[in-house]
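Letters A, B, C and D mark the chains in the order given here, with residues in each chain numbered from 1 onward.
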């Protein structure tokens, strides 16, 4: 467990600010990669930022009959994501919130955001809102076992589910990364992150057809500033989850628990590069795949559950003494 | 003066209405306050037994030969205090509920009696006293379940409950008789002292019998069938007492008899508990996630939570049988925390469901909705309960589930195949339970309380009266404490754990301070800090959302987007059935729902559809597979036995005489 | 693998862009380069729909100028309406416009939407889009080409 | 080759070997199943190659190269040709057990394999025996694939997976079977595949498909 210093707190603050500022850029970048691979020119990396600024200047609309649940859900989703951004070791290890929430806590916060949005979808009382909520919560329910088992597999080498411990254990023994357990956990975690952030092949973020929507169907009633918050939050979720998986498996460049200014800068650059690379790969892969039929998704999630279970079993049984 | 019979539903004549109403009010206040007072007494006694010296009381004259013995130690005190706390909330709530629902005099009398019986069970210090209190509790609860006996479903549920609870009692009776015979005494203290000499076979028999008896009371698979029947049909305050307090008695029995007196047992004891716990948890939550009856959903959620508690108990037993006492203490702490959290949020949930039932007369989620605007207070209360039941951060159940997962992932698996195989599977089961639990609770809250009303009754709902709200507020406060400040429970759990040496109790358990720290493992969590940080983060997000405020046109309220049509009817909303349909399809193989789609065409053309009827019946597959054959066999057997009953008194007397002769010959 | 090679071979197929045309309507919120539109077919023959689809495809790529078609009018900054307004679509058109948050623009695409075109004064026709709701930008043509549509969109996005 | 690299590569090979088996259960496209079988062959060949390089044993390296050629190149090519000649039969028709259940059964089989091979590891805890459970799990999964698939080709894949599993177990436990035995076994498999190929061809010409369920109709 790390004692927090002033600079570590600064690094945490920087993490949050960077996630807030960079999330729209990340979404824009992924759209841009996609556009280029499709032979288009694309709107540019800054397009989501322009969209956000515009949405924030639009009229605030309350659909008749909705309650505070609908009104506050975007802030809760964004808030949980900001909190996760403050907990995760993205730039430096010594977040003051690290002892307050381990990886299980982070998963819980993630689901808290999902639940807030599903309740908002139900709260509108529209057919599409309920449909989106129902689909989203079904996927979330099936994702949970995989994600928890993957956390289990990751916690074995460091004997702790606290993030700083996991990341520093990996950084100290990079040899563990090529173990079957670690690889299986990576694949399982990648699948559930794709499912949780609503990317292909689970959900198509750019669909226009309501009947095929999952995440989008829940937010059909949001407009203006609230929509801006929802979109922003979904970008931030993607950013922090990519950052999480990047640092869990490739922790190089991350600043220590008691960092210097230079280490913080290196950490910032390192995590930005890692997230950008992962996002590029994700966007490229998405070009080649189509959305799965909804009732085939449980197969995908059962597969990732199996991989996570194998990851735990493999870590248990392969456990070769590291020296 | 003559009045109408108390349980007759007819409205008294106008001139008698006023005094009758006043008397009903007085009766309800009396019953509720006696219940609450008993609860306060229970909490006080329980806490004093946990922190002070164990209390011992012997009333020799009450029962011939053995007398009645009360012996309240830290473990019993814990359960007495929990039961008492539930009773306070329910007692206050019952004041308003009994008036609103026009309770008859009989249930009003039985309510405090039921609470008293439940308080006596963990206080019992001998086999006889325990059985007596147990039977009193069962009988009182049965009578309360039957308080709306004019409805056929209630009578059917009552019969089901009566049979199962008596069979459970028979199993416990047999187990305790065997135990006291082998342990050489009636008092638990005597048996515990002599438990070293009990043979392995006897231990196994007692464990299996108690697992049946107590497991059925706790709603564990496969003896859970009474729970989703009786809990929905009982009046809601009684449901709350049964679901939040009475099922705990099953767990208490398992801990007291099997772990405290008989333990430590062999490895397979813990394993058996874990298997039954995991199966109950997953099965219960699956049924809850497809249930459309609000109270049935909550009842299945009780099976789920008791399953998790049993899983934690089993993990503690298994781990301590392998010598991992620190991790076992973590699992045991998790079990105790889960019991407390479940008691708090399940009380609140059932009381909330009771308010809805009283306001609308509906339990069917498919017909509810839109209550958030009509019953804002109840909605907030139920929301707190649902958050607690879903095991998410800021919910009452989070800390317990977190601790359970931590104890499972930190088990010492090196060179131990059994642990290396059970723990990943258990983690998977707990995680699946949590995931589906979230879906079930989102359905209960989102479909039941948000959106727009799906029936006229829900449209006309009114907020519950003050006393009902006060009872719920008390339970909600407890939920809040468990969610953000579990440190308050630290000393209590420490004392209880110390009384359980067979499950690693004398080890240092997890430290419940501002930070929850695991013993000997670098792992920590702070629910309070998370809550504060989350509030800050949400405020920050709201601040982000205010950017560009001065450029915005004035805000407006507009009708819902109906894809261009003029308005959406409330029938176009998703219902609970449709909400759960994907899950029902995914788990089709386990749930085996009976669905039926019927398409009626117009007479003129086969291409035009006049109406489509969709019907789905979610029966309990276990009930059909397991119970129906048993019931059929018993019926056949009874038919056969009936031939010996021709109705002749002389023959019956001859039976008696024959029996006497046989006894004489045998005992010669 | 062959797909990646194909992507490499094909490269960019988007038409080169001209300079930005002069702005006719100021961007609704004052933020340029972002315009989300909800499409309403008020009674079109689907000719304009094909051309709009063409404007958003890989060759014309209207997205590079910040324009995007969205599924919900709540997410939109305006309507892009095609066809004459038929009696059945009259009320839905009004409803859709009402569902768009302020400030908003209305773009009428095609001769039918601008002045009724071939269907003007038909028995099932209410009138052109401008007869029913205020229109900010008109794109004439039967149907207008994707290039014309894009040129008109650029006058609103200002990119 | 250092001890750590040897450990890492061996574990990785065993992991990839098991992963390929799991993915074969998961996928239904016959082509990708055959491709996965080739990957499995590479992982299998990596085991004797690693052992050979680590122990400086030329015979093992030769075995590894032979295994690589046979199982990662020759057999998959033969199968791929068989797939190619079956127009319209590129996918496994719905298996007897649905995919989700198959995956869960696979999980159970793997855990079972880990449990039952515990004594073998306890006998001689070395890096290579620690990887035995993975090989044993592949044997169990292969049997399950053969039981649950309808197409003759996927059954052939299951059969070859079974042989892969047995070979891997042999390599890991005994640090290599004699060259001649391995060659004999591999040739057996080659013959089996050829015969299967002939049979499926014959079946297709006679019945117009290779769905094994149709064989039931042969019964009088």
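Note that in this section a contact is a pair of C-beta atoms (placed from the backbone, for glycine too) under 8 Å apart; a residue touches a chain by one contact, two chains touch by 3 or more.
These figures come from a predicted structure and were not determined experimentally.
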Average the C-alpha coordinates of each chain, average all protein C-alpha coordinates together, and give the chain whose average is closest to the overall one. A
Pair sharing more residue contacts (C-beta pairs) when A-C is set against B-D: A-C
Between the Cα centroids of subunit A and subunit B the separation in whole angstrom comes to 35
Can you give the whole-Å distance between the Cα centres of subunit B and subunit D? 49
I'd like to verify one number: the distance from the centre of subunit C to the centre of subunit D, where each centre is the average of its C-alpha atoms, in whole angstrom. 56
At least two other chains touched by the same residue of subunit B: list those residues. 420, 424-425, 551, 553, 556, 558-559, 561-562, 586
When you check subunit A against every other chain, which residues touch at least two of them? 53, 57-61, 220-221, 224, 298, 305, 309, 313, 316-317
Among the residues of subunit C, which are close enough to touch at least two other chains? 29-30, 72, 74, 101-103
Please classify the inter-chain touch graph. Allowed labels: line, ring, star, complete, other. other
All pairs of touching chains? A-B, A-C, A-D, B-C, B-D
If you look only at subunit C, which of its residues touch subunit A in the complex? 3, 7, 10-14, 17, 27, 29-34, 36, 58, 61, 63-66, 68-72, 74-75, 77, 101-103
Flag every residue of subunit C that touches subunit B in the complex, lowest number first. 29-30, 40, 72-74, 91-93, 95-96, 98-99, 101-103
In the complex, go through subunit A and note every residue touching subunit B. 1, 20, 53, 56-65, 67, 69, 72, 74-76, 78-80, 82-83, 86, 97, 99-102, 104-105, 108-109, 111-112, 115, 118-119, 122-127, 129-131, 133-135, 137-138, 140-145, 147-149, 152, 155-156, 158-162, 165, 220-221, 224-226, 228-229, 232-233, 294-295, 298, 305, 309, 312-313, 316-317, 319
In their shared complex, subunit A is touched by residues of subunit B numbered 289, 369-370, 372-373, 390-394, 398, 402, 405-406, 409-410, 413-414, 420, 424-425, 427-428, 430-432, 434-436, 438-439, 442-443, 445-447, 450-452, 515, 521-526, 529-530, 533-534, 537-542, 544-548, 551-562, 568, 570, 572-574, 578-583, 585-586
Subunit A-touching residues of subunit D, taken from the complex the two chains share: 4, 7-8, 11-12, 14-16, 18-19, 22, 26, 99-100, 103-104, 106-107, 110-111, 114, 121, 127, 130-131, 133-134
